[in-house]
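Scrolling down, you'll hit the structures one after another.
One chain, subunit A, links the two complexes that follow: it is found with subunit B in the first and with subunit C in the second.
Our next item is the complex of A and B:
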């Protein structure tokens, strides 16, 4: 029994990081109605960012967070202008196809350069023991950092002018433009922010598990599941959704081979979409 | 239908595909036309969702792979004959798609697109763990299975003719749907789903039917394709590249048209051949396909056929 509880707690710790990834996806969706299909490759970009910064620059893994955040933001800005800007206001089909194609280009270049071998970043942190079980320090620190970043994001969106501008554009783009908010700048900023969150979550995931260039697909699917659990366009819900997904993973792992989790998560995704398409953790909008 | 010129154009294309390798006796030509047929099958069935109803299906290869798996499995241990196994694969995949579609297609645009990406990942993960289908190592067929078709050499020709037939059926299916009331409903959904629904188009049912219809022929083609290679494994059966290529072909040729996917398949096949033989680019096939898709989406969203229609409007009467 304690084994199951330990597995659930560990699942929740890891799940919060999935929540962070999904926050990036859902922020972009909420602000500009674009599903960012480069999300998976941006998670992988964060992973490789960590790998390159620790391996070749010799940074401490957690000191790599600020450069990955800033780098992710800049990459996000570039992606906005390349793939999304011309698609704003066009049918959703077009922005899906356009971000999908950019994703393929990025993955294609990545596989040609690095191949699909397994990478691993060694991070040693003392764990916390509980009876016979030890929670790895990396998992705890990742969850703590996620909480801090989520809090910062909340404060940014609710307490600062640019954050309020983002929320205004998400609420009603035309009205925001009428009151003098530069919407194009806000959209590109929000896209950059969303991508930066994806990169940071990828970086944190890379401190937990080994990864390949194609890991993005799995984590992208997890992000979709989390986003749908939390309700598309709802960052607070995304964190709750991530924790819920981690809980499910923790609950399932003691009973089933790990390779089945993707099937179960997808089944969950379909069931939630059909039963509660608005999301499980949707709160009244303030 | 018989009085329309386009019907006979399709018939001509099928005849050329069927006869060209026989007349020239070239196996190389047959193999390249076989690949072209598969591209056309995948693209024109994807077009039913993407072009008509405006719903992008990122996992269209699931139908192909699942059809292949069901067919190869039935041919192996239960020992079904080829025709029965292939048809069973088509029917099973279509019915699965209908049920899945009825559930998922009540949802709009982005949600549906997300679920189709998930379908591919989840089905692949399921098959890789499913012991009766050989898990991640896949299923093999014994070469003795080619004997009822008159040996491997003749079997390859027979498979080719069947695939060309399926390609023809795909084109006629696209055409038949387009000129039917059902097709009109789908096109209405593609333009404005709310308006279509208000005007009495049963949108969830129509979308699910289109999804299911777009599953049948690719499943048949998958069955034959993997019978031909006598081997199937999850990585080949659910190769995302095929899904991507089908999307590129539809967008390149012109979404919503029937000739578009066929012409797109031809151009894509040419480009791919050139990329694979060029030393610099052989590693960058995915990059080139992605970049091509990006350019089409940004600058030529109605594809080659859209451009032709804009330039020579009278073409619309002949090539649909």
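Our next item is the complex of A and C:
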């Protein structure tokens, strides 16, 4: 029994970080109806940001969070103007292909520069032991930071003027324009924010596991599952969806072979799409 | 008219071989995983083969039948995907007129490429595909230069049994052909040795979080770990086993610890063992070609990197083909295949002999692996030491590992 509980707790801790990754994806979709297929690359960018800042600048891994957040935001702004801006208002397939192409270019450049060798950031943090089981300190801190970032995002979206502008544009872009909100600026800001969240989640994931240039694909896939669980365009739901996914992973593995985890996850994905296409955690649109 | 001329020019350019034929040049074709998940090990294997090619050409070429042949490689990026391999090997044979082939990296890609090489009767040397099943399909031109997958963890089982005859083993492996072949054989060997398997699980090759698996290992009260898969998953496993304090006395992980970059894991790498096709500490007296030290030095000089077993096997594939051509006195594929069938030689890589039994033709039957363990040197740096078999030891086996 202890093993099952330990597995669930660990699943929830890691799942919350998946939730953070999905928050970036779902924020962008919610505001501008764009499926950002550079999401995986941006998660990897956060991982490499952490590696470079710790290895070459000598920063403490967690002190790298603000520069990764700001750097991610600036990269997001650039990406918006390169691959998304001209696709706004066009069929979703256009932005899908555009971001897909940019993603391929980024992966190609990355492979040429770094190859697909493994990178590891050593983080020493005492864990919490419970009987024979240990919850690594990195997992606990990543979950705590995720909760703090999610709270900050909530406050930003609901208590600040730029946040309210983002929500207004997400709700009705034409109406937002009519009341004088500079929608293009808001869209680029929201895209930058979504990418910044992806980068920070990548940074936190890199404190947990080694990574390669190609690690983003797996986390992007998880982000899609989490987004569907939480409800498309719903950042708070994404966090809940991530935790739910971690819970499922933790709950399933003690009882069946771990190779079945993916099957269960995607079966859940399909079931949610059929039964509750708006997402399990869609109580109120953010 | 102008349009037709340009069209004809383009068609002719596409249809022509990428390299002009030259009767004093041997063209060897291969695909490499220059991109994708197999990039790291494939790159090392490629560099080993390139070093062989440059040394051969520097010495004037391969001597056969009164001629000297220079060696030329034609390569394509298979993107680590089996789906591209058949198309590219067909191109190598049909369009680039490759006379011989080197296999791609990894068992899955080799199995796919072998269909094409056999179909066209092209001889293919394999230096990075250990799964034995491919050699049980009646292939005639396929030759495996490395120890087959079912012996990858044999030394680990022997050494573990010597240290703890009652070890409780968690066998956890990637759900891919190579890892499953290793795990199946390891399970039999471990049970035969009297070790108990307390957990037998496979995981998806794309797994990035092994937390749930490690909790199962702890719940099963295992004290030893055997398994893994390829590079990223093996390294992640080692890191998480350390972070989650799985309290194991023994870890043998496939493939990943064979790479120099495994040292980046720091304390998580310490004590981890791996089956290795070659380590520089094991000195064989070669019948031809360089010694281990000569090879390692030449590799370091050329690529500014330490030679690992992937590089050594890549070089050896070329050296074996060269020896077979020289023995055959011809570049006729049937004569070269005949020379390989009769080959029983020792190089710096070890003893090499191919099965001539029709049921397992081309399978490697003489080469032995060693067990290497990551240990801290006197300078505080992490490095691999050969710890098993005892006759090849460069350092004592550390048990328990932590």
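The rule we apply is simple: the second predicted complex is superposed on the first by the 272 of 286 C-alpha atoms of A that agree within 3 Å, B and C clash if a C-alpha of one lies under 4 Å from a C-alpha of the other, contacts with A are read in each partner's own complex, and residues count from 1 in each chain.
Basically, a residue touches a chain if its C-beta (ideal position, glycine included) is under 8 Å from a C-beta of that chain, and two chains touch if they have at least 3 such contacts.
Computed from a predicted structure; not experimentally measured.
Bringing the complexes onto one copy of subunit A puts subunit B in a clash with subunit C. Legend: residue contacts after superposition of the two complexes on their common chain; A:127 is shown touching subunit C, with no touch to subunit B. In the superposed pair of complexes, A:274 makes contact with subunit B only, with no contact to subunit C. By the document's definition of touching, both partners, subunit B and subunit C, reach A:111. When both complexes are overlaid on chain A, the residue A:200 reaches neither subunit B nor subunit C.
Residue contacts after overlaying the shared chain place A:10 against subunit C, while subunit B stays out of touching range.
In the superposed pair of complexes, A:136 makes contact with subunit C only, with no contact to subunit B. Once chain A of one complex is fitted onto chain A of the other, the partner contacts of A:215 are limited to subunit C, with no touch recorded for subunit B. Contacts of A:20 after superposition: neither subunit B nor subunit C is touched.
Judged by the touch definition given at the top, the superposed model places A:96 against subunit B, while subunit C stays out of reach. Within the three-chain overlay, subunit B meets subunit C in a clash at only one of the listed stretches 7-15, 43-51, 115-123 or 133-141, and that stretch is 133-141.
Contacts of subunit A with subunit B, set against its contacts with subunit C after fitting on chain A, overlap at residues 108, 111, 217-218, 257, 259, 262. Interface residues of subunit A, counted against subunit C in their complex, comprise 3, 6-7, 10-11, 14, 108, 111, 115-120, 122, 127, 129, 132-134, 136, 138-139, 208-210, 212, 214-215, 217-219, 249-250, 253-254, 257-259, 261-262.
Residue ranges on subunit B touching subunit A, taken from their complex, read 50, 54-56, 58, 100, 103-104, 106-107, 109-111, 113-115, 117-119, 121-122, 125-126, 128-129, 244, 247, 251, 283-294, 297-298, 301. Listing the residues of subunit A that touch subunit B in their complex gives 29, 33, 35, 37, 82-83, 86-87, 91-94, 96-98, 100-105, 107-109, 111-112, 217-218, 220-221, 224-225, 228, 232, 257, 259-260, 262-263, 265-267, 269-270, 273-274, 277. Residue ranges on subunit C touching subunit A, taken from their complex, read 34-37, 39-40, 43, 175, 201-204, 206-209, 211-213, 215-216, 218-219, 231-232, 235-236, 239-240, 243-245, 247, 256, 261, 264-267.
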